[in-house]
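Shared between the two complexes below is chain A, which pairs with chain B and chain C, respectively.
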Partner chain A sequence: MSLALHAEWTKMRTVASPLWLLLGTVAATVALGAGATSVVNCTANGCGGDTTKLSLMGVYLGQALVAILAVLIISGEYSSGMIRTTLTAVPRRATVFAAKAVTLTGVVAVAGTAAVLGSVLAGRLILPDLGDRALSLSDGPTLRAVFGTVLYLILIGLLSLGVATAVRDSATSIGVVLGLLYIVPIISQTISDPDWQRLLEKIAPMSAGLAIQVTTDLDSLPISPWAGLGVTAGWAAAALLAGGLLLRRRDA
Partner chain B sequence: MFAAPDVHSLAGMEATIEVSGLRKSFGRTVALDGMTFSVRPGLVTGFVGPNGAGKSTTMRVILGLNAANEGTALISGKPYHRLRHPLSHVGSLLDAAALHSSRSARGHLLWLAHSQGMSARRVDEVLELVGLTSAARRKAGGYSLGMRQRLGIAAALLGDPATVMLDEPFNGMDPEGIVWIRGFLRSLAAQGRAVLVSSHLMSELEDTADHLVAVGRGKVIADSSVADLIGAASGSRVAVRTTAPQDTMRVLAVAGATVAAIGRDTITVSGLAPDRIVTVLNEGAVPFSEVSAHRATLEEAYMELTRNAVEFRAAMPTEVAR
Partner chain C sequence: MTATMTPRPVGQRAGRDGFLQLVHAEWTKFRTVRSWVTGMAVTALLVVLVALLAGVSSDQKGSPPVPVGPGGEPVTDSYFLVHQPLAGDGSVTVSVSALESSIPKGPGDLRPGIVPWAKAGLIIKESTRQGSSYAAIMATGSHGVRMQDDYVNDTAGLPGQVSAESPRWLRLDRSGDTITGYASTDGTKWTKVGTAQVSGLGSTVQVGLFVASPPAVEGLGTAGSVSKAVFGDLRLQGGWTGGEWTGEQLGADSPTFAGYPDNGSGSFTQSGGRFTVTGAGDIAPAVRETLPTGGTLRDILTGTFAALITVIVVGALFITTEYRNNMIHLTLAASPRRSRVLVAKAIVLGAVTFVAGLAGAVLAVPLGERLARANGVYIFPVASSTELRVALGTAALLATASILALSVGTIFRHSAGAVTTVLVAIVLPYILTAIPFMPASVANWLAKVTPAAAFAVQQTLVRYDQVASHYTPYNGYYPLPPWAGFAVLAGYAVASLAVAAVLLNRRDA
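Now for the complex of A and B:
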């Protein structure tokens, strides 16, 4: 396993695109978060609403780049045929798959941490001085939101890896993942029945998972923060299981 | 020419591929239909047959990439997935284009080396060996097909394996590259390695292969040493070079020989001894420049070999079209 990990890490660092996608994740996340916080109206009493969630809003965009990176890790090998070289070097397919997942988790954890810390810092700088209500990691719910957002990005990466391993084609995989993330919220907007709307938000990977970012008015959420992240983890686990089983069963 | 290997340790190893009764279907298409043969150390074994005969599928099954429906493929007595550090047992090249186009040749070999616990030093050795050192840091996407074949061969040799398996390595090579690969394959076998090379063109394996496994429609049609094949195909025929082929054929046929034109100025003769041929030609005042024992080319030997193989003829597109 450690040799397979070393190989996957070498693959990752010997082409430029993963680094650019990770830097892009950080830049997009921080930029969108900063943009969102800069348009909010603040008074002396505070900014109204959830400033933590607002400053972390950039993950709506950043997650797409994480998803693309995760898809390319495996589908890039299928499109070139390099997957056969990989499986010749490491014939145990579960090991190859685990090595890819661990490498992805590592790089997304680093980029995701940079992205959320950058977003919080940008939020602190942009929002007016709120004294003891300022964004701070010493605040329990904020820390949970920040840490949880990094986990959320990792789970989106793993979900994408699983989907791409099952689907194999880059474009189709990216379509499936982005559809899963963004189309469900759009559909839920068009549904008038509030019960159905809440159900969709409870089970969709993005809306459920991003409950982890909410720090105010928790009672109005369709699903609690950690349970929501658990739903996203369930999606990721299902995708990894499907991808892993297909990788083991299919001819390469 | 080969840098690192020590021949003595290789000679003691059992460097054999053993394929036994492989069957494999893709949907309704039968790709392998009881494929059975083995590859021995110290020899270049040519794996030949028309496109679609099952050569690549067999190699993929050997490498554990495709699962066979029946039968076994063993390397040194073990299935591929049971090999520890597989690249130091079998080096293979299936598809030279299977690269990430923006990764450098060195980067490609580096991840392969790391997957086997090998260092960057070995990477530089094999790059030197195939003559890619100066291009090592360029993106592989910019390589010509010939350079990619060299890179693929470097990858196959990375683990200094006792068995080397190459699928159509001559494809896309320029004449210089073809000569280079031939010499290279010879030197690998001379070091005691088992070498399996597939090709759909017999002429590529001329003077390279020691042994031939000819396949058609997913099974072996002939499995024989090249020397025996060529000997059998040559028979006791005599080649006559002449500027007057029509006259030559006429006088020799009258004298009772069986004649056939095999080139613009060359005729093969059977049924007459060489000294008798010379006499007949002199008596007929027919000019000739050479009378020698005929040595069949590998291509002729192969055609001879497959002439009676129904499976093979049925697999030939021209036969199917009739």
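Now for the complex of A and C:
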């Protein structure tokens, strides 16, 4: 396993695109978060909402780059034929798959932490001084939101890895992942029956998982923060399971 | 059998059919890849399926009917009216010496505030039936004296707010179907504000004093308001029957009526020649915020977002697959003028996507409308020309998005990056405009400069200057006219197609 891990890490660090995608994740997350916090109308009474969630809004964009990285890790091997070399070197496919997942988790954890901390810092600098309501990591819900957002990015990465392993083609995989993330919440808005709408928001990976960022008005959420992240984890687990099984059973 | 290939001498132009052959070659490539053809079929299917979902999932059976004005548009026809019948021609004059509004600042806490379109004045109405024809002259919260008729027409009169020190005298004259409104600051010197032709009034009409107070636009939402007006100097001329004044809240159960705030209710008191009338509601065309349960074509066509994924994936694959399996070498060897290859690809892809998108939209709109109506949902009415524009625009949006994906795919030569870039560029701004935090100015800016501007082709709602509301993309009001919004996306597509052509010519394949 450690050899396989080492091999995956070598692949990751010797190709230019993963580094750029990770840097892009940080930049995009911080930039969108900073942009969103700078346009919001704040008064002395606050900003009319949840400032933690607002400053972490950059993950809407950052997650897309994480998804590309995760998809390329596996579908890049399929398009270049590298997968045959990989599977010849490490014939136990579950090991290869696990090594990829672990490597991905590691790099996304690092980039995600940088992105999220950068976003909170940007939010602190941009939002007007709200006194004791300023963004602070010592605040329990904010810390939960920050830590949970890093976990969310990791889970999106693993979900994408699983989907890409099952689908193999990079364009189709990224289409499936982005559809799950972005389109399901949009379509849920057309459903005028509020019960159905809440149900969709409870089971869609993005709207459920990002419940972890909410620090105010928790009662109005369709799903509690950690349960929401659990739903995203369920999606990631299902995708990894499907991808892992297909990887074992199919010819490469 | 021997076949020799003779290279065409340098400088000799290809035959006239050279480009057509190129288009034909690209068409052959497209139609023989099963997953791409499937992708296009799925595109149409997604548009239709989401329309079905939107239609089936809504259940508003048994909700009260939406009042509809003489022009067929949904209206708000709910306010406090103090009226009596007028047979034949006649006139009515009144002075307004106060118009004060209150807005809730908390549960049960009403504070004085300004409601710009609070209305107090005279009205001549066909009957008290919801949506019937009328003409009215009124003092407003901060838009001066206005003359309005049949919900959508609005004419400005004397400016300024009313108060005890500066009252306004208002007069309406009825002569057949012609109603003329006058205003005055002293009750002797009159200025004509406007003349309205109101058809179908009948011989006996209801005439009276009314007070309306539409919800105040505050921050990100609206707050129901209530207004009180003081009238005096009431003078009647013509065919009055001499009956009593009847006060009532019109349209109390209408879905376009936001109701009274807590601690507020409609009433009128009469002492001597003085009438004090308190009312809420509005007499105006309905907008999205006054009729949030109403459906629009845009809601029915939400499947466009799902369809975007398939067209963008196919668009990117149409070129990146050539790079992946090295087909591009053959393609460019067969047609060394590389930009023409790109244009031929764009034409084939655009045409196929347009047809798929149009098929989806043309099926989805009537199906979704029928299902939604069967479930009691009110659909904002549109002219058939607008319906055609929405269907064509949706198809054009999808086609242009696929060409954008083709261009970005040519630039990146990697499908995952191309798909993500294009999809995020079109969909993320839309998601951001729907975030409640977003100030309207930012949402409108996003809907002007990003590729998401193209969703303006699906706009069917009309904005009215005389109705205060959040006219934001989220509510279905786009800052750009439909085809101008589409032109923004087309601009991005043309620009990236040009960049792609330059790069394709410069780089080794």
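One rule holds in what follows: the second predicted complex is superposed on the first by the 252 of 252 C-alpha atoms of A that agree within 3 Å, B and C clash if a C-alpha of one lies under 4 Å from a C-alpha of the other, contacts with A are read in each partner's own complex, and residues count from 1 in each chain.
Note that a contact is a pair of C-beta atoms (placed from the backbone, for glycine too) under 8 Å apart; a residue touches a chain by one contact, two chains touch by 3 or more.
Worth saying up front: this structure is predicted, and the values here are computed from it rather than measured.
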Quiz item: Quick one: chain B and chain C on chain A, clash or fit?
Solution: fit
Exercise. Based on the superposed arrangement, let me know which partner A:68 touches: chain B (first), chain C (second), both, or neither?
Key: second
Practice problem: Please determine whether it is chain B or chain C that touches the greater number of chain A residues. | Solution: C
Practice problem: Could you say whether A:16 touches chain B, chain C, both of them, or neither, answering first, second, both or neither? | Solution: first
Practice problem: Tell me which partner A:178 touches in the superposition: chain B (first), chain C (second), both or neither. | Solution: second
Quiz item: Touch check for A:190: first (chain B), second (chain C), both, or neither?
Solution: second
Quiz item: So, A:146: does it touch chain B (first), chain C (second), both, or neither?
Solution: neither
Quiz prompt | Which superposed partner A:92 touches (first chain B, second chain C, both, neither) | solution = first
Exercise. Quick one: the Cα-centre angle at chain A between chain B and chain C, nearest 10 degrees, please.
Key: 120
Practice problem: Quick one: classify A:122 as touching chain B (first), chain C (second), both or neither. | Solution: neither
Exercise. Working from the superposed arrangement, determine the closest approach of chain B to chain C, counting only CA atoms, in whole Å.
Key: 10
Quiz prompt | chain B and chain C contact sites that coincide on chain A, given as residue numbers | solution = none
Practice problem: Going by the contact rule at the top, pick out the chain A residues touching chain C in the complex. | Solution: 36, 39-41, 47-49, 54, 57, 60-61, 64-65, 67-68, 71-72, 75, 79, 169-175, 178-179, 182-183, 185-187, 189-193, 196
Exercise. Note which residues of chain C are touching chain A in the complex, please.
Key: 35, 50, 53-54, 57-60, 219-220, 293, 295, 299-300, 302-303, 305-306, 308-310, 312-313, 316-317, 320, 324, 377, 414-420, 423-424, 427-428, 430-432, 434-439, 442
Self-check item: chain A-touching residues of chain B, taken from the complex the two chains share
Solution: 60, 63-67, 80-81, 83, 86-87, 92, 94-95, 97-104, 107-108, 110-112, 114-117, 155
Quiz item: Mind pulling up the chain A residues that touch chain B in the complex?
Solution: 3-4, 6-11, 14-17, 76-77, 80-82, 84-85, 87-92, 251-252
